[in-house]
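Just below sit the structures, each encoded as structure tokens.
What follows is chain A paired twice: with chain B in the first complex and chain C in the second.
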Partner chain A sequence: MRAAWTIAVKDLKQRLRDRSAIIVGIIAPLVLAAIFSFVFNPIEDFEFSATYVVVDQDGGPAARLFVDQVLGAMAADDTITVDELDTVEAARVLVDVEVDPFAEDVQSADAAFILPAGFSATVVSADPATIEVLAGRGSQTAAGVAVAVAEQFASQLQTARVAAATAEFYGLEGDRAEIGLRALGVPNLATVADAEATSKILNGTTFYAAGLAIFFLFFTVQFGVNGMLEERHAGTLPRLLAAPIPKFAIVAGKAITAAIMGVVSMSVLVVATSLMFGAEWGNPLGVLLLIFGGIFAAIGIMGIVGAFAKTAEQAQVYSSIIAVVLGFMGGTFFPVGQSGGLLAQLRFVTPHAWFMQGLGDLAGGNVADVFPAVFALVVFGVVCGTLAALGIRRGLAA
Partner chain B sequence: MAQPTLECSGLRKAFDDLVAVDDVGFRIEPGETYGLLGPNGAGKTTSISMISGLLVRDGGSVVIGGKEMTTTSLETKALLGLVPQEIAIYPDLTARENLVFFGKLYGMSGKGLLGRVDEVLGVIGLTDRADDRSEEFSGGMKRRLNIGIGLLHKPSLLILDEPTVGVDPQSRNAILESVEQLSGEGMAVLYTTHYMEEAERLCDRVGIIDQGKIRAEGTRRELVQLVGQRDRIRLTATGGLEPAVTALSDLTAVEEADACDGEIDLLVSNAGEHLTEILSVVTGTGVSVSGVDIDEPNLESVFLHLTGRALRD
Partner chain C sequence: MKSLAIATTNLRRFIRDRGNIFFVFIFPMLLILVFGTSFGGDFNARLAVIVESEGELARDLVTGLEGLDTVNVIAIETEAAAVRGVERGELEAAVIIPANYDSNITAGIPVDLQYLARSGQEGNSLRSNLESVVTQQAVILRAARFAESEGLATFAAALVTAGETAANIGLVTVEVTAVGEAFSLDLLGQFDSSAQTQLILFVFLTSLAGSAALIQTRRLGVAKRMIATPTSVGNVLLGEGLGRYLVALVQGLFIMLGTWLIFGVDWGDPILATVILLIFALVGSGAAMLMGAVFSNDEQAGGMGVLFGLGFAALGGCMVPLQVFELISPGLYKVAHITPHAWALEAFDSIVLNNGTFADIAVFLAILLGYALVLYTLAIWRLRVVLTR
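Moving on, here comes the complex of A and B:
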């Protein structure tokens, strides 16, 4: 172990003199975190607002339920405005307005809901219920929310139909439309709100700080892991192998170097982004566990590159490609988890996603909530580290 | 008989179909400098890699100081100092830091290490540049530091793999002087080179290696005799040369004698051993000798004789 430390101390001294590790491990992520936080519309400063119009051509009970209860409940929030118009043409004019974000007092709408005549009758008929949504030229998010609200209500209409049909089948008393409307009830908008913002989402500054920290961690540990190839390139590897130290000590020395560089880089970033940008990383113990897990995973993955690449240059290229691909897939630059679909599921094949997930869990819970993420990171480290060790062993035996 | 510092036998290594080293064996006594002389690709570095435990051998044995060497024999490796052909130093560390680092890997520490580092810096002539980063050094200085690292822990056996490749004549001379000094201090040295002059100057015994096999082994004299080469002596003389030639022809050491243009040309078995006798015979016939030129056959001609090729082919 003494030899491993001797090698690690030598490597760290070289890295400090080289300065590239400091740039990649600390300065670059810090600068980018600052830029991302300040320039790219920080998530914590994002406040949803929307202006909707509704045209009720039906006037029936289901249509009024939608206008008064659903849209009315939304309008109770000051950030959403709902105006009722008489004609579809008037609604079209407002949604067609070209939105100038710097212009004030220009009347426009993010979306228009059109409830056609006969809408309420669909509750007791076999015809499909239709709420037409006209998307405006302004906020796509606001238009998307409008579509979601309409779909939600349409879904509840279907529930009402089933209730009415069931009542009729069993000969229950009452008007079929009345039963359907009773079943329709008051829509539960809380489910819509929950889908948009869970309690575990990271604020913008923390998201970018953490994302960039884990992204650059892979580049930082690469300096240590690729040390073996650099020794080979410099011609010093034979000298190390001829010394009376176990081969394992050389590999361990490189891993220790990578780990120390990773810990220093991440620690500096956590402290600096907290103090300078107000990032909220969460419980220090949980963060520390995630950092160790992330470093372990990064060393394992980069170790595979170091073990199988033929030259230090080749390893750097491979490492960079892997770090960038995993970083993007893992959602270090944008929250891919909220995008839904395949990408949201695929992200969990990257340690980056588990790291971000762990921080999210920590933000919404306690230290114990990071255990699944830490476990996943450790699994990455063990599996990849084993493959790397086999590759290095084969290389040294040649 | 004392235990040899290095005894290797039957060394064999093949890379796929290419047999790089085949049945190589030799021994080196304490204080002896043994040269492996051969052209590039002859198998010198592969042999050294097996001897120093860097390469798993396909066959044969290596014993250093009575201990078997394998790739995992740490105790045996401690007896060995390796100076690789490539300059194996860290350019962003100073000369002293390089030495201290490798000293620690060999278990040295504290004042003992620092004292020995200063000593070695003196031996390799880098005391004044000890705290400069080695990236600022000339090629020759880097070579000297490369050697210094190898001898830092006072190994029983120092292996130098082509240590003078690509260095200027001044540095080369400094390196050769250092090696001469080391063998004088009792360290066994295994020296590989394709420079015939270096092998002749430094080595007590030489193994001529080509195409993975030791073709011949012995002192320079033994090798020359092995292939039937003779020394040539040219005497610049005045007087009656024919009687002198006749008298010289009667000596058993003289194989051929001839006189031409004021010179007596002799082919003898050992010029150094018989020169006094030859001069005595010549002056005894009344001839006055004004100059002596001895042309001894060198290892280059031995190599040519053994392999049919020149060393630098």
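Moving on, here comes the complex of A and C:
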């Protein structure tokens, strides 16, 4: 064990002197996390807002009900504004305006409601009636909400008409419109009962900090793991083998180097991203467990490459391919799981996905929620580490 | 002639490396495939529906939801799976249609539809859609309940009457007219946007990675030996620069042709597209030469190459389209244009979306040439110092 430690200390000193490990382990993930947060957070934080206009050519009670009650209630939400205009032409012009973010005071609308003349009168008859909506092609969500609101109001009116006609059938006398309105006092039989879901989604800053940290961890660990091939290349491996130390100590030394580099890089990144960018990694114990699991898995996987590659250069090529592909599939650059599709299904073959999932579950839960992810990471480490050990034994025997 | 020999040697060395083959030719195509299939085309909010009832009304409700243009209805078996999906962001919202839905409603007993969403707008706008469909379905039921509450008939009898009455009453409908122009990104083909952005990202990134080869040439003393032969420093630099340039160009042409053939990506006018690539590759190789001059260790240059390659790509609109920057944050949009990436993407936008001519993209090309000029000037100045020291 002493020998393993000596080898690890020598390797660590060497790595520290050559700044590449610091660049890959700390600087690159930190600067990229800053850039990604800067670029992507405004998009994530972007608030929905909608501007609607309404043209009431009718002025009757049904039309006013819509303008004053329905749209009035919507406008109470401060992300939605509703303006009343006089002509359809004016409304169409506003919806037609191409949204130019640089021209602050240009007026535009996402959709326009038009209540045609005679609307209220038609509603109390049995004739078909129509509400028109001009939906802006450029603003799908806002226009979609406008259509849904109009549809709902149309259904309400239909309810009032059918109710009034049914009541009339049974001989109820009185003003049709008044009876219809009274009928709307009957609530929907099916009511939408809201429940708010806990969010197990990392916020943008935390997502990029964590994603880049685990992504670069594989490269950092690879520096340590590849040490073996470098010794071979430099001709120092046979000398180590001839030394009065067990073969196991050499391998252990390299693994210790990799583990220490991984722990240092991850710890610095967790602290730095929390302090500098306000990343919220979550419960420290849970984070620690995930980091250890992640490092274990990374050493195992990179160990396989190191064990079976013939030269350090070859190992570097293969390990970067593996680290990039796994990192990308595992959703370290963008939330693969949320985007759906084939990749979302495949992602759990990577340790990265488990790490990210664990952090997400931790954000919306407690320490116990990271256990499945940590278990998966440990399994990666054990399986790959065993394969790597077998490969290395074969290599050292030859 | 000598510089050409140096350049082709560079290119040959590059192509022999198996790692390069993967990162230069295979990986970009995989990314374009994945991004195109995941993000290309329309994105609709995902609403999970858990149907516990086998009744007709429950089925009607689902059909109504499926008929909405902006909602992607996903049938899910268990509540637990839906909760997990919403919590993890794999679904925008979930609604449970309970087992007693039909029996209760036809009996006039109110039913709750449990609706689960994370806080935020997507949940709210899906909710308005759900409310709208529920209200639509309830027309006859509410009319019957009204008759019952007025003491006119029993609910069951009123239900029959209301149904018959409704058949004789015209509908109140909503007539939707689409106005204005679609968001420019929606006009692109499924793979167009990701092909453009990945082309720019990778040509630059690969160029930077190529700086490692230049550093090796320096460290191994190859550069000095070349200079010791009757070859001028200028010729050596030209050869090394041309080598980087050829690598960038070969990758760019491969992505353009490959995505055009495989995914049918529209690159606009092929000649103009090639001109943009020719000039952007010049910027990439210039940046590579500068990095090769500044760094003295190829592993350091590798790490910094990834940092600059991905960092500029993120800032320059290769990960989130410039059109989105423009819509959301004018500040970000301006910052993006510090990078050459943004100008190259503007040029592609012009020729692909607006049938731009050479005159339309001349400004963008001139700016890109400016970047190349500055980068090469700095690189050559540094390299002359480093190589002749």
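In this text, the second predicted complex is superposed on the first by the 242 of 398 C-alpha atoms of A that agree within 3 Å, B and C clash if a C-alpha of one lies under 4 Å from a C-alpha of the other, contacts with A are read in each partner's own complex, and residues count from 1 in each chain.
By definition in this document, a contact is a pair of C-beta atoms (placed from the backbone, for glycine too) under 8 Å apart; a residue touches a chain by one contact, two chains touch by 3 or more.
Please read all numbers here as calculations on a predicted model, not as lab measurements.
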Next on the checklist: With both complexes superposed on chain A, which partner does A:240 reach: first (chain B), second (chain C), both or neither?
Outcome noted: first
Next on the checklist: In the superposed model, which partner reaches more residues of chain A, chain B or chain C?
Outcome noted: C
Checklist entry - Given the touch rule stated above, what does A:48 touch, chain B (first), chain C (second), both, or neither? => result second
Item to check | Touching partner for A:335 - first (chain B), second (chain C), both, neither | outcome: second
Next on the checklist: Quick check for you: in the superposed arrangement, does A:151 touch first (chain B), second (chain C), both or neither?
Outcome noted: second
Next on the checklist: Looking at A:18, would you say it contacts chain B, chain C, both, or neither? Reply first, second, both or neither.
Outcome noted: both
Checklist entry - Taking the superposition as given, does A:395 touch the first partner, chain B, the second, chain C, both, or neither? => result neither
Checklist entry - Which partner does A:6 contact after superposing on A: first (chain B), second (chain C), both, neither? => result first
Item to check | chain B/chain C common contact set on chain A | outcome: 18
Checklist entry - Which residues, counting only chain C, touch chain A once they are in their complex? => result 17-19, 22-23, 27, 31, 34, 37-39, 46, 61, 68-70, 83, 86-90, 95, 101, 104-105, 108-119, 121, 124-125, 127-132, 134-147, 149-150, 152-153, 158, 161-162, 165-166, 168-183, 297, 299-300, 302-304, 306-307, 310-311, 314-315, 319-320, 324, 326-330, 332-333
Item to check | Complex interface listing, chain A residues touching chain B | outcome: 2-3, 6-7, 10, 13-14, 17-18, 234-236, 238-247, 397
Item to check | Parts of chain A lying in touch with chain C, wherever the complex brings them together | outcome: 18-20, 23-24, 27-28, 31-32, 35-36, 38-40, 42-43, 46-48, 79, 92, 95-99, 101-102, 112, 123, 126-141, 144-145, 147-152, 154-159, 161-163, 165-167, 169-172, 182-183, 186-201, 219, 316-318, 320-321, 324-325, 328, 333-335, 337-344, 357, 360, 364
Checklist outcome for this item: Per the touch rule above, chain B residues touching chain A in the complex are 49, 52-54, 56, 71-72, 74-75, 77-78, 80, 82, 84, 86-93, 97, 101-102, 104-107, 149
